[in-house]
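In the two complexes that follow, chain A is the common piece, with chain B as its partner first and chain C second.
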Partner chain A sequence: MNRSLARSKPLPLARRRQATGIWKDYQLYLLLILPIAYFILFKYVPMYGAAIAFQDYSIFKGVTGSEWVGFENFRELFKMEQFYIVVRNTLMLNFLDLIFSFPAPILLALLLNELRVTWFKKTAQTLLYLPHFISWIIIGGLVYQMFSNQGGLVNNVITAIGFDTVPFLTEKNHWLLVYLGTGIWQSAGWGTIIYLAALTGINKDLYEAADVDGASRLKKMWHITLPGIRPTIIVMLIMQLGHIMTIGFERPFVMGNTLVMDYAEVISTFVYKAGLQSAQFSLATAMGLFQALVGLFFVILSNTIAKRFGEQGIW
Partner chain B sequence: MTNEGKLNRIRLADIAIMIIVGAAMLICLIPFLHIIAVSLSSKQEIISDRVTIFPRGWDFESYKIVFQDSRMLRSMGLTIVLTTAFTIVSMIMSICAAYPLTKTQLKGRSFFMMIIVFTMFFSGGLIPEYLLVKQLGLLDSMLSLILPGMISAFNLIILRSFFSSIPDSLEESAYLDGSSHIGTLIRIVLPLSLPALATLSLFYAVSRWNGFMDALFYISNSEMYPIQLKLYQVVMNSMVTDLTAQEGAAATEVVAEGLKAASIMFATVPILIVYPWLQRYFVSGVMVGAVKG
Partner chain C sequence: MHAQQRKWFAASAAVVLLASVLSACGNSNDNNASGASDASSGNAGSGNKEKVTLKVEVFDRGNAPAGAGPVTDNYWTQWIQEKFGDPNNIKLEFVPVPRNQEIDKLNVLMATGDAPDLVFTYDMNTIYNYVKDDGLTDLTPLIENAPNLKKFLGDEALNYGVFNGKQYTIPAKRPLQFTQSTYIRKDWLDKLGLPVPTTTEQFYETMKAFKEQDPGQTGGKVIPYDFSAIDSTSITTPFVMVNSFVKKMTEEEFYAFTTSSYIPELTKPGYKEGIQYLNKFYQEGLINPDFALDKDGKQFESDVANGYVGAFTALAAHANLMAPGKVFDTLKENVPGAEYIAIDPFTDEEGKTPKSIYDPIGMHIMIPKTSKHAEEAIKYLDWMSQSDVLFTLQNGIEGQHYTLENGFPKAVTTDDAKKTFYNNSDIAIISNGKDFGSTDKDIEATAYQYPGYEEIAKQSIRNALKDGYTMPRFDRPIDAEIKYGTTLKAKGYEIVVKSILAKPDQFEKIFDGGVAEYLKLGGQAIQDERRAAYQEMKK
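And now, the complex of A and B:
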């Protein structure tokens, strides 16, 4: 009696689902088919295609038919003077970005967080996010309009107050400043979003307790706000450090010109010129693969270091 | 210390912060104001370098030329179609991938996640990707600007963490009513995710609107240039030529300055129109889960 009563009760949901197994969930697998196929075709097939770095690739013979040459392309690459210049420039630009562009959104987020007037804060955020949504082509155009030697707004102002024209875009050290400044201009505002999100997670009681103790605003910022967003800062720092070898193509490509190539030629633009403009596919792929492997090494390294210091890391 | 003194100090600090943030806002804004001013000023004023952030000698000639340039309009139309198609395809694919990956009963879930996340840190490189697109016969076709970048692993992870934050009880009750997974996704999960969907659509749309690297690689037929590549050809090329040319030789080019500015505005205005409408959806919550991979 007792047993039959128990049996007539519906099985718990988890049990029922288990009973019907994978078949019950076939729709989940159905949904996944196309996305996974996408990742395999457009992400993993090119990884296999990178094998041409070890070949004397011929576009007619393809990856399967081309002759294998071992590390010949890498040997040739490491012999090129250009190789060391583009690697140095990539590391230099990324490292300077890390020093100057990385703290900017943190500072800006702290300031935005202190704003009490809501409409002002909203307006500020709207305006500060905007540059993130502008293409590098347009930013390149804006930079030219602002900093050109002939008729650029900044130089017009400089000459109007009696100084000499500054070669912002044509002398490499000045160009470097403009390059870094543009990076801050484009990314600082948008970068605050992630820190502002982290700031909302800080326990409000901490501030009240600090108020009772008579802590100043600066003290609260230093002892409560900053430690509160430290995990976020660390994660962002790891990501940036991990990408120290990876440089976007568009920013250096658009901002560079022949007079500043000493600094503006980086790995991505080199790969484009060697690979697509001069059809040295194997050499360019070797460069790309070198970058990807060193990049992966940096990601793993920075993640390990973060964990060693008791931080969460990214995986 | 008196109460009044403390109040004053706080107000002073507030004003100081507002001034600093205000300066940052101004720095964001000035380049745009300047380019708008140049695009609307007369040639004489531009040549004599008198245009700052206000138009001088109002002149709509530059815009007339841009709007009469059929190739420019064609590029614009094409880019609008391309961006719309890309955004729709990308969103569908991202939703299809993100939803199953929130389900703990999915076999191989962590394996699928791993093969997706790994692509964020390692790639075959530009050349193998180019050769793949070439082999698939996609060069010089719009598909080359849609398919290779249609899912961003980063956006996918944002969406997945948003889906995860929806209480399970809501989905469970739908299952009890006999709803299938896809039915639950469409009827329960998606309507609850509108802010996230709006934000991600904006991310995808903006990346497609602004991106030109793939177009530079894959599209050689100038009839099919998206607007950014067209702009690069029209604006940047001539600017860089000016920059590196001898002084004086470039003097004739300066006249076209207004035209370049108008072209830049032409390609920026669609973003400026859409941006404020979607900006309110950048809920901080959407970004929280994104930091961790």
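And now, the complex of A and C:
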């Protein structure tokens, strides 16, 4: 940071040193008020609700009036067989997502980066972004139309060329493939944005130097482009790892069905069923709190590892 | 610079903490304040000077016709405001709740302390929870001032709303307790020269004939016997067939093995054979292999409307099928000559066709304890119970929404009528169905709602009532059911679906293994508690 400042004009540097602090840049701090207020209001204030996890919560008595029971809810939670199943499923689905969906936008960004025809690149980008804007409810409907056993588009083709129907949605392992594939299809295009932005930051001189040295396209990709976006990749990976216990509600809920509950019942759907549907708010909150703690653990862990390997980390 | 920044960071962190502390205080203050105003406005209410706002829950099924106005502001809300609100100095406000999320939304409304003055649900476990947590107004003294309401519901219905000796809910009356009937394509039967099936075995043979001979020329798309996902709120079910396999039990067993809240009754003797029979249907291609994916029942409706479906079991006389412009109408357009009739083929060991039917009540209407207008709420219900008011709410205005035929209101199907009459059964909350004094008359009257389908509507109701039995009742909630209900329901459905779709040699393993797991997850606890509650009751 100091270096970059030194490189800029020398005169204001001295002055800035004198008048640092809030007053100098008060406009910026004013702008900051909004996001800070957002975090206070919507992220910190609701945290008092976590107290429900330690109470025998009654919706009529509220957080202030309910009876405190210590770790009773957690004890009950850890006794439930279902708890281990939903945690396993959440970890499994997220881990597979990490393996398959995480590299997808990187690959896609690299490919897009190599495109030289501008109009084609722009069109491809736009088309790739589109799925991101489709709600999971609609995707669920599309998937059903495509992959159902009777009348599904894909199975119609498969049976037409003489093979047996593939139970894409009704057998759990096939369902897993569809689940992962849909995830990639939905998010890969949108995920490229951040990498494409990072790509523009790579110094063009490096490519020219490589050209002079006669490096092939693949070599340039491997030795310049990838290292160039490595910090971004690491940061994204840390964020992903932090979410390994957190799973969106809509995707497993919409795509799941009774037959694949062995895999599709995850923390978020469990919390919905236990909390909102059967009014066991304390149990559901305990689950949510547990999930947050494990998530925190993963973030710290991966950040530490990243720093060990000499990367920047997120703090 | 660094030190400065750090200082600022510390300051902002302090602000964060402070703010959260303050807001927590603010919350508790709020609670106190609302408690205080509760008392004061209660006093003011008896003075009857200020205009009070009465909030009433209303189901939103998302089916408002174009130009009709939402469920919160339409022809009928205005009518109620004019006839009831204005004379009593009450402003009515309708609070919409999506039909298929009613329990979630109700729980949230109750938790905020800002629930409508009149709420309702069908879900007994939710009601037990509210009673247990002391969240409802005791209505025992209040209904004494509601002579019309008491007279309309009668002691039998009202008794369903008594918990721990107090009237906590007002159950709506249900004049007709019917649930499901089976329907079959008459034109297909005629084409193949087959008789109307009257036993389960004949039904199976008929379905096989539908599959093999494809009388509808669907090009292999025929679904002889159709139903949609069984864990959904859709109108179809395979369980009438399954239940016909259930064997005779002692009364105690009947009380112990029955479950509430639609948990599959896996442990009833004979239930397994019923599921196995469905498995046979699946093996032979007689049911829709994708039924578990049809979570909202829309695929079922479209398959019926396209003429692919030979037979199905669904709620009798249901608007989704028979109302103008719905499934049966669409089918007639798509496949000229297509016609369904109502049948009742699933016979048990005694040759009867048993099915579970509703209690003589509908949903439970409640007044949350947070409500400041319990008196006005009861007044509203009492007003609604007057026979002329109820008749108008249920049937509309003569000439505009109905014409009298043989003394029964017959629906008018003009566009204007559709626009100003679409959610009246959700407005007239104190009655599930129309009450004309006798079962025959009630059936007749219901049929008039479905011009063009009067016969099938009547027959389906008669089928649905035949050999019907109601669920056993206890005088106290079964705690284990409240606790494990949701988990077990999901598990039970999973076992049923997997067993239906199992390979024949794996059926035993999947079903028996599933039941063992079900019992371990709380099924056994429910049975034990039910048995104990039964013995207590019989003492």
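Worth a mention:
Definition applied: the second predicted complex is superposed on the first by the 272 of 315 C-alpha atoms of A that agree within 3 Å, B and C clash if a C-alpha of one lies under 4 Å from a C-alpha of the other, contacts with A are read in each partner's own complex, and residues count from 1 in each chain.
Just so we're on the same page, a contact is a pair of C-beta atoms (placed from the backbone, for glycine too) under 8 Å apart; a residue touches a chain by one contact, two chains touch by 3 or more.
All values reported here derive from a predicted model rather than from experimental measurement.
On the shared subunit chain A, the superposed partners chain B and chain C overlap sterically.
In the overlay built on the shared chain, the residue A:Tyr48 is in contact with chain B and with chain C. Of the two partner chains, chain C is the only one touched by A:Gln82; chain B is not.
When the two structures are aligned on the shared chain, A:Leu276 is found in touch with chain B and with chain C.
Of the two partner chains placed by superposition, only chain C is touched by A:Phe60; chain B is not. With both structures placed on the common chain, the touch criterion links A:Tyr144 to chain B and to chain C. When the two structures are aligned on the shared chain, A:Trp136 is found in touch with chain B, with no touch to chain C.
Judged by the number of chain A residues each one touches, B leads among chain B and chain C.
In the superposition on chain A, A:Asn257 makes contact with both chain B and chain C. Of the two partner chains placed by superposition, only chain B is touched by A:Gly242; chain C is not. Under the contact criterion defined above, the residues of chain A that touch both chain B in one complex and chain C in the other are 17, 22, 36, 39-40, 44-45, 47-48, 59, 62, 144, 148-151, 169-170, 257-259, 276, 281. Of all residues in chain B, those touching chain A in their complex are 10, 13-14, 17-18, 20-22, 24-25, 27-32, 34-35, 38, 46-47, 49, 52, 93-94, 96-97, 99-101, 103, 105-107, 112, 115-117, 119, 121-132, 135, 147-151, 156, 172, 175-176, 180-182, 185, 206, 209-213, 217, 228, 231-232, 235-236, 239-240, 242-244, 247, 250, 254, 257, 260-261, 264, 267-268, 271, 275-276, 279, 282, 284-285, 287-288, 290-293. Considering their complex, residues 1, 4, 8, 12, 15-16, 19-20, 23-24, 27-28, 31, 103-104, 107-108, 110-111, 113, 125-126, 129-130, 133-135, 221, 223, 229-231, 288-290, 292-293, 295, 369-370, 482-483, 485-487, 490, 493-494, 497-498, 501, 520-521 of chain C touch chain A. Residues of chain A touching chain C in their complex: 17, 20-22, 36, 39-40, 44-45, 47-48, 58-65, 81-82, 144, 148-152, 169-170, 257-259, 261, 265, 273-274, 276-281.
Taken together, the chain A residues at the contact with chain B in this complex read 13, 17, 22, 25, 27-32, 34-36, 38-50, 52, 59, 62, 108, 111-112, 114-117, 120, 123-124, 126-131, 133-138, 140-146, 148-151, 153, 156, 169-170, 185, 188-189, 193-194, 196-198, 200-201, 217, 232, 235-236, 242, 249-250, 253-254, 257-259, 268, 271-272, 275-276, 281, 284-285, 287-289, 291-292, 295-296, 299, 312, 314-315.
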